[in-house]
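Note that chain A is present in both complexes that follow, paired respectively with chain B and with chain C.
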Partner chain A sequence: MGVVIVHMVPCSGPEALQSTADNLCRMIERIGGQRDGVFCVDCETYFNTSMGRTQHVLHDSEHPASVFSLLESGLCLVADANFDSLMNKLTPQLFTTKMGTKVECKGPRYQVEDFVLKVGTVTIGTSARGLLVECEYQPCPVTASCWELMRELMESLLGVPLNQPGPYLALRMREIYTPVDTIQQYMEHFNVLRKSNPVQAVSAPASGQSGGQTNQNAQTPTSKG
Partner chain B sequence: MAQFIGGAQPPSIDPVSMENVRQALGAVRAVRSSVGDVFRTLAEGVRSSHESEEREKDQDFKGSLAHSLSSVHTKLRELETSVQNLSSTGGAGLSLGSTSHLCQDPTIDRTSLYVDMIKTHRWLDRVHEYTSHMASVLQQNNLKRSNNMVFSNKRRQRLPIATGHNVPPQHVENFIGGLQRQLTDMTIDLVRPCGSNAVLKITLARTLKAIVVLRGLLIEWVLVKAYHEELYTADEQLDIWTPSRYKVFQKVTDHANAAMLHFHSPNLHDLAVKSFLHWLQSYSTLFSDACKRCNRHLMHNFPPTWRCVRTYEAYHETCRP
Partner chain C sequence: MQPLGPAVPSALNGIAIAGLRLGEMRGKFEQQSSSVRIRQTLGGYRIMQAEAPIVEQPLTRKNAANLQEYLLQGSILDSSADVLLNRLRGLCDNSDSPVELFHDIEQVYTIKDQANQATFSLRARNALDNPQLPWQLRYVGQPEVGDKSRFTICRSVIEVGTSSNLVTWLNELGFRLDYEFVAKGHIFQKGRMKILVQKIHRVCQSGNPETLEPVSQSFLIELSVLAPPSQESLGEEMKAFADQLRPLVELEKVDHARLHVS
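Moving on to the complex of A and B:
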């Protein structure tokens, strides 16, 4: 697992998303990118009815056997794929979810020597909201070491200067990169995209029930915090 | 003298020179007889009887004198040519001082000594001449095949036997321990999975891992992998063969093997290992260094994977000086 930077590509509007994505794919192929299937990162948001907390459950096609569960506080739980069935069982009583709030980022995946580049269109419900580019440099485990290297590649692809890393990554520049860091970056971008359109933004429902304790127990043993 | 030379000629001398001697003697005789003719003519003088006859006789006398003089001149020329022939074959050009009296020794087996000496001297002269020519030609076309002047100067000496492969294990451990203290951001683990020969497991900062297989203190094999790649196989064996799955480290492995050969020295084996490890240490900034030449990080989607073996500066493969 190398270092991953997830960057949001600025688009003038929903209509321009597809053409921008196509241009990016062409650029990647021009620098020697080999198309290597597709990828998908999705995020389902649950509401704890008793405690009023929000819990995000994310899947990443790079880690198909794992499920990532994120709390608003930033606490992250990495669990096996069985976690989904547990959530399904708890859903009507302890957790509620709202239709049309599922966020998905899908698109082609490219391999460029030791880089993996992914161009994903983010859809919330059925509407396309934004374009994310994920750049992974596999040989290096520390963000600070290869930040300049990746910035050079991203700037040559996007044609715009890249700023400093996002707030989450900036705090962990000198630490060994983990898959959770990728999920946290996606979550940052998904939150921004959700808030960008207030009509579609998620609002917490007010159905309160007891059972939050069970949820806490489920998270504690494998919590990676 | 002529008889002596003729009789004393060793059988090795060719018959042409004998013929020359005979010709020369004949020429001397001819000169003497013609000179005798001249004197005889002069002694007889001019006989005077009548005035008319006197003029005739005078003419005859002058004619006979001129004829005999011209014959003397001709014979003298012949003598000169025959003498020249004699001198060319007799070795008169070389004078070896009083040893030339050797050829006057009537003993047959000693007479050839002088001729042989002359031959030997000529041979030596020729050898001197050819070697001086050869030396000047070689100095003009100096063929330098090696920069190592030490080697060329000591070419004739027998090279000392290399013992780098046959170093006691304790010495290797002490040496690597000393190096470990110098290389601060490098962790070196010394293991001996196959007998007495050491294998170094190197972790360099948080950039790479390397396996260096030693035989004594000679580096035999280098493998570079990513920091998060595993060095052991599933059955807990040290995996020194499987290359890294990342292309950048495959390139670094190639460069490390080239550098290992570059630093190799058959006699200063500890210096070779030390230089190689210092060179490898420069890879701690593999991903963060920009190329010294083009000042960019990426070239063909690779960081600067080559390090200068003298200055340890970072270069892309295609930017090498």
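Moving on to the complex of A and C:
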């Protein structure tokens, strides 16, 4: 496991998500990406209304035997697959879920030399909300040591400047990277997309990637592809 | 995998803990994606690209089978425990290897849901002799003891291996510590049966598992199997094994509710 950065790709609207994703995939294949299956990250939110607690339960196909339970405070419990059975037991007496709030990010997975690139379409319930690109640099466990390298690849793919990583990762640049960090980055983006209006254009996230990209900028590389 | 002991199952299931055993976890992932790779070699890269569904199966295991714990309990005085240990060593698997020991702390957390006044309790367990092992979160359901045709206690049990921040996680969810104890003892395995010979200790000073006081002058013996529901033949198997331990220890189905009342 190396360092992973998850970046939201700005799109002009929900209808442009598929074409933007296809263009990105073509660009990855053009730089030598070998398609290596598919990936999925999902998030189900459980509420305990009487106690006022919220719990997000996430799964990542990169770690299929693990379940991640993320609380509002940012605390993340990593558990084995039996955690799902436990949640079934505690639902609906202690926790409840709302219909149509499950978030899923699915798409193809590519291997490009030492990098793994994933292009995922985010759906909330049944509506498509955004596009995320995950970039993993496998040989290095510390973000600060490989950020420039990853940035170069992402900038060439997306055609937009990436000045710094998201707020979560920016605080942990010199720490050893763990799978929990990937989950926290996905949660950051899922929170932004949950708040966004599905009808409106999906633009750059408020959660962090700076660079002042515009929709027009975002379309530049994809239209070339 | 069939659990071997209170904290040991989490150790064995520890491959699931991201951040703790990444190499093994990646191995798991490769196992899952091996079907895709086989298709890749057989059908060619292009074909796989066209055929691969976005996700083969959902990651959430909504209909995972709940396991039942079939349980018999008994006790033996400290003075006779060695005789029992010798007999178990002869009867159980791996009799030529040293007996496995454990030294665990178990904390029981409860939460009362104000909406429907229901109380839930979860157990957090950690190996004191090897704190690096994953913690274990356990849900234990109400035992069914009323069925006279059944020889054992039968209760729903869910065991989850977790990262070491389990106690903080429980507290943040609103669970509060009800009681805690330390169990020290020996684990044996016979087929799918697990036998624990353990001494239960009271923790005199909360938060300090060094200040211990034995609850009694006896060892608690537990014979248990985790299996899917309706395995009636299991009862016979456990009864046969329990008979081999007589008259040293009488393993019975203990009605905890009646113990509580008296």
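As a convention for this text, the second predicted complex is superposed on the first by the 195 of 225 C-alpha atoms of A that agree within 3 Å, B and C clash if a C-alpha of one lies under 4 Å from a C-alpha of the other, contacts with A are read in each partner's own complex, and residues count from 1 in each chain.
We take it that a contact is a pair of C-beta atoms (placed from the backbone, for glycine too) under 8 Å apart; a residue touches a chain by one contact, two chains touch by 3 or more.
All figures in this text were calculated on a predicted structure; none of them were measured in a lab.
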| So, on chain A, is it clash or fit between chain B and chain C? | fit
| message | Per the contact definition in the header, classify A:1: touching chain B only (first), chain C only (second), both, or neither. | response | both
| query | Thinking of the overlay built on chain A, is A:82 touched by chain B (first), by chain C (second), by both, or by neither? | reply | second
| said: Just to be sure I read the superposition right, which of the two partners does A:153 touch: chain B = first, chain C = second, or both, or neither? | reply: first
| field | Contacts of A:172 with chain B and chain C, given as first, second, both or neither | value | neither
| field | Touching partner for A:98 - first (chain B), second (chain C), both, neither | value | neither
| Partner touching more residues of chain A, whether chain B or chain C | C
| query | Touching A:114 in the superposition: chain B (first), chain C (second), both, neither? | reply | first
| query | In whole Å, how close do chain B and chain C get at the C-alpha level once superposed? | reply | 8
| request: Jot down the residues of chain A that show up as touching in both complexes, chain B in one and chain C in the other. | output: 1
| note | chain C residues touching chain A in their complex are 13, 15-20, 22, 25-26, 28-29, 32-33, 36, 45, 48-49, 52-56, 58-62, 64, 66, 111, 113-116, 118, 120, 137, 139, 141, 156, 158-163, 165-166, 168-169, 172-174
| remark: The residues of chain A that touch chain C in their complex are 1, 34-38, 40, 42, 44, 48-51, 53, 55, 57, 59-66, 68-69, 71, 73, 75-86, 88-90, 93-94, 106-107, 178-180
| Residues of chain B touching chain A in their complex? | 206-207, 226-228, 244, 246-249, 285-288, 290, 296-298, 300-303
| remark: Within the complex, chain B is touched by chain A residues 1, 31-32, 112-115, 137-142, 144-146, 148-149, 152-153, 156, 176
